[in-house]
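Look at the two complexes coming up: chain A is in both, with chain B in one and chain C in the other.
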Partner chain A sequence: MKTKHSQNPKQKTNIPLWMLKGNGQYANIQKQTNFLIKTVKELSSIMQNEILSEKFVKSKGYLQMINPLIKLLTLLVFILICSLTKSLITLILLGFITVSLAKLSALNLKDYFKRIWIILPLLVFVFSIPASTSLFSKGVPLFYIYKGLNLNIAGISLPTELYISFSGLIMILKMSLRIGVSVSFAYLLIMTTRWSSITHAFSVLRVPPLIVTIFNMTYRYIFILSKIAAEMMEARFLRTVGSTGGKSNRSFMASRMSILFIKANFLSDEIYNAMRCRGFCGEGVSLYKFKIGKADLLWIANNILILIVLFLGELLT
Partner chain B sequence: MHIPEGYLSPQTTIPAIAAMVPLWAIALNKVKKTLNHKQIPKLALCAAFSFVIMMFNVPLGESSVHAVGAVFVAILIGPWAACIAVSVALIIQAFVFGDGGILAIGANCFNMAVVMPFVGYYTYKLIAGKSKFESKRNMLGIFLGSYLGLNLAALFAAVEFGIQPLLFRGIDGNPLYGYYPLSISVPVMMAEHSFFAGPIEGIITVAAIAYIAKFAPQLLSNNTIQKTSAKESFFTTYKPVILGIVTLVLLSPIGLIATGTAWGEWGADELKEKIGFIPQGLEKLSEIWNAWLPDYSMPGFEGGFLSSSAFYIASAIIGILLVASITYITSKIAMKEQESEN
Partner chain C sequence: MKALESNTIFKLKNASFAYPFEEPVLKNISFSISKGEMVSVLGANGCGKSTLLKIFAGLLCPQEGVFNAFGNNITEELLLEDKFSKQYHQKIGFIFQDSDVQLFCSTAEEEIAFGLLQLGISEAEVKERICDVINLLNIEHLKDKPPFKLSGGEKKKVAIAAVLAMNPEILILDEPTNGLDPRTQRWLAELLTSLGSAGKTLITSTHNLELVQEISKRAILFNEIHTIAADLPTEKLLSDSKLLLSVNLVDEYYHRHEGSKHSHFHIHNY
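The block that comes next holds the complex of A and B.
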């Protein structure tokens, strides 16, 4: 910073140079507010998720026109099969089914891959690599990490050979695939169905009306409370100057937790009064009426055929 | 601590859900006793609150850990109401945000909505006794309650992980689900939770409760959704929890019996044993299949890497083509139907 009004020669703007500099000198603050940024990001992902799902629920696609109850049940059956199967082929097939359903339901495939496959399955795969070694799983060696070693460190003797086995690799591949595929089915459900129709499906499945009401109200107020919480974090972030210690940051989080609780409590009283004014007498009413159309029958037929293919595949391999 | 889908075997997750159902019913009944309409929004708001605070990153050195907050909720509204609130939050997380599996809901709720609030709440009650809210003894109770609650929940999760390789192994002897045994899962989980997450959870809960005691003391005294009477004996107080654990124990052998052979991996002979006959068509199909891929041996991968991967690729392609064409055709018909209806 030479003069107060020195300008960046490359950009013809009036922004002073010090403003354009990266905040290297404030790196300390950045480190200190990392937890705030993380919390805000996680809280705002709730809203992102909702906006995205609202967009896809409205678009015309295959899954969107299926009766929510039938969709919920079939996708749960798929998740169960995914959990029961021991065959890699079945898992690959199920994975393929999720991708094709995402495509046919006009979902954004890029978002689907980014959200489902990049994070959890990959993470699980990496964390599982030790499990594929001869320490945990037996099988035909695929490649050796070391061989013919006689080491004895502080009384603990290492195994003479360590290798990654073929079946060990298949095992961890299955695990990551299974996780990815199950999460995909959950993603398909929520991206094509409103939460209120899912809870209505719950009530058709004899979940007590009280619980269904709580589910509906909770979902609604998650957004309000997360917005309040995110604003608290932002306010603290903007006010952070100088150095703050971990202790003060922790006590900040604790006090925000209790403030949020006090606010939620206050809100619940007001909501109750508002509900009473509108004639609430203990049970929520759903505006949905489920009917089974031709599309649903076709969907059921489609899935029975898929199940037969999967079952035959399992049987014959 | 959210257990993802597929890491636990269905023989673990389904009994866990089965054990949770009576627990939820009892919790609901307990809450209902003191529940007027007013408590419905309160429970919903508490559930939303539990959901949101699970996203709070609490700074720890350069890094940060997540708070769970189940003990905080339990102290404020009672353990039964906390069980419902945290369960609702966990179920929404599983369905809507993919945090924790849908089948794993039973296990996750058991760890975080039963073990954690109950252990935390009763530890707190035991230590705090009738001491005043601002007293040191009370604060110690809150700290130890949330510390123990979180750690026991983590221990339960670690045991659920750790028993998987003991119980479920495929034909080749390799684990089918979680592969790290108890000797690894327990120390890893416990080290993390007893040294880092546990103390943080304790400090945060103490500070948050102290804050509420200072600024909104009325929330701590008369507004709890469900008051537990101190007169009840140990067994009546813990009956549902004991019941849940007993159900879990009783149900798990059923899963074991069912895993005599891996599901769906029955050969034609075994199928005959199981259901008494083999559908004739199936036998024929099996012959055709065997003719296509002669000399193929699957389980031990004796065929070596190349031939088995060739088999995998071939059968995957056949399957994909079948499934794709079925789905594509039905979806097109369904879409057309829908359009003509509108």
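The block that comes next holds the complex of A and C.
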């Protein structure tokens, strides 16, 4: 069908006539919950306002006063202990230390719990519950799911009893705590230290330049990517009049993710080029030099004491 | 890096470049740029201007022909040498079209310090240069702001400050006025004119024909088949509207108003 065009001789571009008229009211406008836009926007906002703007780095908290190199080393030691310990009490103590440090470093405790403890450790705990049953960990029964049943389904005979064992529950609790504590230490480091200082500390610790570059690149374009993702969502939202089905949403998400990957590739090239143009050859540098002060000495003394207590506790248990 | 034998800083001889799996964006390009020149690179979108600037900036290397910079024949291997790369980039300041890719540090101050620290300049000198460049561009109020909280013009100012702090001999600018308001465009034109008068070599790719006549004395015009259509003094090139039309840079309504001191292009929509 041939489109009719405007005949105005002053207009060089032939605008289709339908474009010169207004649109009527579309029938199938429905209210939609745009949780995807909300999620991406929230992610983008956290990246912008808290991590990238280094909001908490500038506050005068305890961890902010510590030399980044010493802080990095100490927190890595804590993460190592957390991964190696078999004691639940040690893990609980480490968890308590992370909360105390978050409080002393003027971080928002509500956000800290919401982002660290509510999501990952809780999910790991819930999804690991089957591992705490007598199917995988025998032991003292804590709670029976069923008892005295002789069931045979499709030639497979089920156990006569199924219960959650005490040892199984402790095992999954330790696993969740381990994850929560490790992520907490990483969170404390990122929220209270300038990124350039962290990468500079990595360079001082002789981490290969390639790894430092990967860290730098990730940090540097994650914001731009989250912004692009939010804009793509908004662009679709603005062009969506009727309701969209789940299939269409999934297909949209998949295609946007692929576009984001392509853009990420392009951006990483451009940002790396911009860094090379200013003499970057893989080495992390920082405007803020590492100096050891009284706060660092106090921090080291405190942590040695904590490590001794934890070590003795491990020996005794 | 070799010492300069003559005033020539860049020399391209039959240089061609193509991105992987694509048609060449530069074909058989030959010309040279001397120290202290103010050159504009003009052409329609996609004609290869940005690629040419990236070659000058040592980010790309022509696949065919010769690219000579500061007396050295530039190869990819040479650019991958850390020592050579640092020396090369110390001489050249590149202002990207998209300021977002150029601003990757936490604050404007760190952004300005980044290049200086990479070059191993002492802490005291870094701080002094930051202070000087901040005063020069009048961006004291932006010092502690994260780059993504800046407006388009402010981002451009910080990007320029970060490059100027390294005191490069050559400034390469890719579409510097894109997305800037008229006031910031004016500020930029004046800054570039001052830098050019101070002896810096300026190579600018732009569509802004008003800017071209202020910041360059020589203009290189690309056509849509990715070769050089003209290499002329700016005034002469801008006066030749047929030539500009032939490369699709302007349309038939475009014309120039000559005045005693100032001339400009604009469109009459009738």
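The rule we apply is simple: the second predicted complex is superposed on the first by the 209 of 317 C-alpha atoms of A that agree within 3 Å, B and C clash if a C-alpha of one lies under 4 Å from a C-alpha of the other, contacts with A are read in each partner's own complex, and residues count from 1 in each chain.
Here is the rule we use: contacts are C-beta pairs under 8 Å (C-beta built on N, C-alpha and C of every residue); 3 or more make two chains touch, one makes a residue touch a chain.
Just so we're clear, the structure is a prediction, and the values are computed from it rather than from any experiment.
Colleague: Contact-wise, after the overlay, does A:Leu267 reach chain B, chain C, both or neither (first, second, both, neither)?
Modeller: both
Colleague: Could you tell me if A:Val285 is touching chain B, chain C, both of them or neither one (first, second, both, neither)?
Modeller: In the superposed model, A:Val285 contacts chain C only, not chain B.
Colleague: Determine, under the contact definition given at the top, whether A:Val212 touches first (chain B), second (chain C), both, or neither.
Modeller: It touches nothing on chain B or chain C.
Colleague: Is A:Ala186 contacted by the first partner chain B, the second partner chain C, both or neither?
Modeller: After superposing on A, A:Ala186 lies in contact with chain B but is clear of chain C.
Colleague: Between chain B and chain C, which one contacts more residues of chain A in the superposed model?
Modeller: B
Colleague: Figure out whether A:Cys277 sits in contact with chain B (first) or chain C (second), or with both, or with neither.
Modeller: A:Cys277 sits against chain C, while chain B stays out of touch.
Colleague: Mind working out whether A:Asn302 is in touch with chain B, chain C, both or neither, as first, second, both or neither?
Modeller: The first partner, chain B, only.
Colleague: Should A:Ser196 be classified as contacting the first partner (chain B), the second (chain C), both, or neither?
Modeller: In the superposition, A:Ser196 touches chain C alone.
Colleague: Regarding the shared-chain residue A:Ser83, is it in contact with chain B (first), chain C (second), both, or neither?
Modeller: first
Colleague: If I apply the document's touch criterion, which positions on chain A are contacted by chain B in one structure and by chain C in the other?
Modeller: The overlap between the chain B and chain C interfaces on chain A comprises residues 195, 221, 224, 267, 271, 275-276, 280-281.
Colleague: Chain A touches which residues of chain B in the complex?
Modeller: It is residues 4-7, 9-10, 13, 28, 32, 37-38, 40-49, 51-53, 55-62, 64, 67, 69, 72, 76, 84, 88-89, 91-92, 94-98, 101-103, 165, 170, 172-177, 179-180, 200, 203-209, 211-212, 215-216, 219, 223, 262-266, 268, 271, 282, 285-286, 289, 298, 301, 304-305, 312, 315-316, 319-320, 322-324, 326-328, 330-331, 333-335, 337-338, 341 of chain B that touch chain A.
Colleague: Can you list the chain A residues touching chain B in their complex?
Modeller: Residue list for chain A touching chain B: 31-32, 34-36, 38-39, 42-43, 45-46, 49, 60, 62, 65, 76, 79-80, 82-90, 92-93, 96-97, 100-101, 104, 115-116, 120, 124, 128, 131, 136-140, 142, 166-168, 171-172, 175, 178-179, 181-183, 186-187, 189-190, 195, 198, 208, 210-211, 213-215, 217-219, 221-222, 224-226, 229, 246, 249-251, 253-262, 264-265, 267-269, 271-272, 275-276, 280-282, 293-295, 298-299, 301-302, 305-306, 309-317.
Colleague: Help me check something: in the complex, which residues belonging to chain C touch chain A?
Modeller: 54, 57-59, 82, 85-86, 89-90, 92-94, 96, 98, 100-102, 104-107, 109-110, 113-115, 117-119, 123, 126, 146, 148-149, 162-163, 166, 269-270
Colleague: Which residues of chain A touch chain C in their complex?
Modeller: Listed in rising order, the residues are 10, 48, 52-54, 194-196, 216, 220-221, 223-224, 227, 267, 270-271, 273-281, 283, 285-287, 289.
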